[in-house]
Amino acid sequence: MAVPIQQKSTGARALQAWFNPLKRSAGFLAFVLMRVTGIGLVIYLLLHMVVIGNLLRGPEGWDALVATMKSPAVLVLDVILIAGILIHMLNGIRVTIIGLGFGTSSHKGIFWTLMAVAALLLAYSGWLVFTK
Amino acid sequence: MRTASIEEKRRSGVWVWQAITGVLLVILLSLHMIVHHFVVEGGLRTYQQVLDYVGNPLVVAVEILFLVTVTYHAMLGVRAILFDLNLSESQKALVTRVLTVLGVVVVAWGVFLALALFRAANA
Amino acid sequence: MNQHGRFGPTRPITLKILRYKPGFIDPPRYDTFQVQADPLMTVLDALEEIKATADSTLLYRHSCHHASCGTCGMKVNGREQLACVARLVDEGTDEVVVEPLGSAPLVADLVVDMTPFALHMAPSGMALVRDSEFMPEAERPAGVERYTRYEDCIECNICLSACPVANTNPGFIGPAGLAAAYRALVTGERPAAEVFAYVDHDDGVWRCHSAMECSAVCPSDVQPGHKIMALRRELVAYKVKRFFKRG
Amino acid sequence: MRTTYHVVVIGGGSTGAALVHDLVLRGFKVTLVERGELTSGTAGRHHGLLHSGGRYAVNDQESAIECIEENIILRKIAPGSFEENDGLFVAITDEDVAYLDKFLAGCETCHIPTRVLTAAQVKRLEPHINPQVKLAVQVPDATMDCWRLPMRFFATAKHNGADIRPYNEVIGMLITAGTVTGVRVRSHVTGQEYDLKADIVVNATGAWAEKVSEMAHARVPVKPTPGVMVAVRGRWCNMVINRLNKPSDGDIIVPQRGLSVIGTTSWTVEDPDRLGLPEDHVRRMFEKGGELIPAVKHAPMRAAWAAARPLIAEGGAQEGRELPRTFKCFDHKVRDGIEGLVTISGGKGTTMRAMAEATANVVCDKLGLDIPCRTKEVVLLPYWAYYQ
């Protein structure tokens, strides 16, 4: 009789780890942000492609749509979108740099610096969205 | 445990393409955001403003480049996430095929849209 | 008197330990035990005391008791540590939760099956012994050609447990195996072409998404995440060179 | 050649590891049961010193000879498993220097190669050594990995057909008419109990030997004699540093990976499961270790632990370091009139293979077999092969 070894499925719990940066360090938070924003942006891309299809409906259809896009609720969504883009973009710079083996020893510093840049750009964009 | 031998596993360097398209997107997406939203009064182009803009063949070329890049990057990203799951080699092949089809559809639709607007602008 | 010596004031700490024995304690549950912890008492000391005095059926892996064998990796309050050097009072909580590592099949209680780990690690080609870089100024005695020492990696599976990818994809070579492949590459123990053949595929060096948590939890200063990144740099350089040679 | 005899080995320490390897090579059907993880008793926890024998060359020459012989054999059958940097016996005081002649004479008797080094030479070899150093003797000590070396024996044995069952605890002996016919085992994995029939049962439980043999109402004079070890961060020497004097507390520093391990002390306990960790012993390691290499006094502590030596106290009066470090194999037929049970205890990590050879010889004798031992020649598989 060999020592019985049974495999216990940890699938769901393991998957949850993708989105849970608690008790983890900066790099893991970056990973979670990258994954969440990445998934969000893909969904947005597909929606966006459908929405701009409205251009085929000519000026009436499009301009009416543009008008509804200026409600405050949509503007908030815009800011969330911009946040997602900025986080994903700047984090992507980090992943590219350290992913090629450069600056690995200061990866946490790079992350927080880029996130600070993201915050500044987001503040500026938010101001643009709500004032213009 | 799944036991795909190393010989079976395809050599892979798509991560590098993900990085290259990523860097391109930093430029193209920034450009896209600026010309379509930030420099535009009110944040969104009206129909006429859109036509004025895409009438330029260079703009159409850049928009199509952006579309191809962003779609490729997005599909590779989804593939990377799905490959983090415990997929068999045949499941991986299926994922790649489905995402390729989806990517081609998105690009085709986008190109069709761009050309339609280009024609409308120059009619 | 305190069983574990007199290293300062003791305080009661409750250990909440995951219990699982297939077909017997199934589904898993948590059992709690209380110990009097002095400042030096480790999680392993506590488990030993519980096993000796409260429940002899408690299973956990351990061997060297000084962070050198790599058998006692487990999750302590949700974070991977070696039980033999994780001090209870350093956790700062009255209750300390002890769970088995993730990313490896659970055998029973805190014991995980190390087979998948070994299967990823073995083909890396890293030797157990490396040149010692300590005290480079030291002369060597007659008969000793080079000072050697064991590699840093103690193969504890902690990095895989902390890796978001290794948890969902057992096919991923994982941080330890990739870092070992990098060591085999830089020491020249294995030809570059062989090392790259081992890591250059979807479940190899490209599967890593740079969460760098492996480096954060590594108890033996291996910094596997850093080595994966360096391995990628070498691989990209190798590919570029080969491309231009061929072209 | 294969025999149909089934041997059950109790105890997955270094002796058990070498023993299952030896027995399967001799053609036995072998099952090993260990209550916890392999090498979780004394084996995994020892100092990590592959002895040259120098430590015992004056007072315990039988052990010293075993050590140097096994030192050479282990390097041959387990290549790539040791930090082979040799060792030094350093003299710090005039009293240490006075011990030199006795030490060299002992080493010569035991065929331990030595080389005497001047203080200046020692300082060039080991820059952190106590600057008071008077002289030193170079011997073929080495550092071993207390987990991975036994695992090479387990791996090889497993590939040769041994059935190795960690997490399975012997809870009783099956005895029929004064003969041990097997063991009652509890699996801590499944919680189930089962019987394991055997032609011979070998008790290879080291410091636990008395506890286990009591199940068969047999007696083994083993005294669990723990010692404290302290691992500090930093590799403060490349060679094993021993004090050139008779064995004492804190007189060895074994470098290992990025650590330096100072050891050890000695006291006697009743229960090898409850060693404790006396604070004064831990402090003494820093103090005595500091006499060899001052820097370890202030090096950050990585771990402090105790391991129980299985010392054999035949005759009674002696204790601790006065007891020989050699091993003994007891046939309980001879000692207690109990057939079918053999106990191996005593010894040390360095002599694991020799202990196994002696035990397997006893097993063969009892069964009337004459099968030669092959463990001196067979090169062991890598340790990770255990999992393949």
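To keep things simple, chains are lettered A, B, C and D as they appear, and every chain counts its residues starting from 1.
Definition applied: a residue touches a chain if its C-beta (ideal position, glycine included) is under 8 Å from a C-beta of that chain, and two chains touch if they have at least 3 such contacts.
Remember, predicted model here, so these are calculated numbers, not experimental data.
Undergrad: Given the two chain pairs A-C and A-B, which is bridged by the higher number of C-beta pairs in contact?
TA: A-C
Undergrad: Quick one: most central chain, C-alpha centroids?
TA: Central by C-alpha mean position: chain C.
Undergrad: Between chain A and chain C, what is the gap in Å from one C-alpha centre to the other?
TA: Chain centres of chain A and chain C, defined by C-alpha means, are spaced 31 Å apart.
Undergrad: Taking each chain's centre as the mean of its CA atoms, how far is chain A from chain D in angstrom?
TA: 57
Undergrad: Just how far, in Å, is the C-alpha centre of chain D from the one of chain B?
TA: Whole-Å distance between the two chain centres: 64.
Undergrad: Taking each chain's centre as the mean position of its Cα atoms, how many Å separate chain A from chain B?
TA: 16
Undergrad: Quick one: which residues in chain C touch 2 or more of the other chains?
TA: 22, 107, 115, 119, 164, 168, 209, 232, 236
Undergrad: Please output the residue numbers of chain A that touch at least 2 other chains, ranges allowed.
TA: 3-4, 18, 35, 95, 99-100
Undergrad: Two or more other chains touching the same residue: where does that happen in chain D?
TA: 167, 189-190
Undergrad: Which chain A residues qualify as touching chain C in the complex?
TA: Spelled out, the residues of chain A in touch with chain C are 3-8, 10-11, 13-15, 17-18, 22-28, 30-31, 34-35, 94-95, 98-102, 104-105, 107.
Undergrad: Over in the complex, which chain A residues touch chain B? Could you list them?
TA: My answer: residues 18, 35, 38-39, 41-42, 45-46, 49, 52-53, 55-56, 58-59, 62-63, 66, 69-70, 78, 82, 85, 89, 92-93, 95-96, 99-100, 125, 128-129, 132.
Undergrad: Report the residues of chain C in contact with chain B in the complex, numbered from low to high.
TA: Per the touch definition, chain C meets chain B at residues 115-116, 119, 123, 164-165, 168-172, 197-198, 200-204, 206-207, 209, 232, 236, 239.
Undergrad: If you look only at chain B, which of its residues touch chain C in the complex?
TA: 1-2, 4, 6, 9-16, 80, 83-87, 92
Undergrad: If you look only at chain C, which of its residues touch chain A in the complex?
TA: Touching chain A: residues 20, 22, 28, 77-79, 102-103, 105-107, 113, 115, 162, 164, 167-168, 209-213, 215-216, 225-226, 229-234, 236 of chain C.
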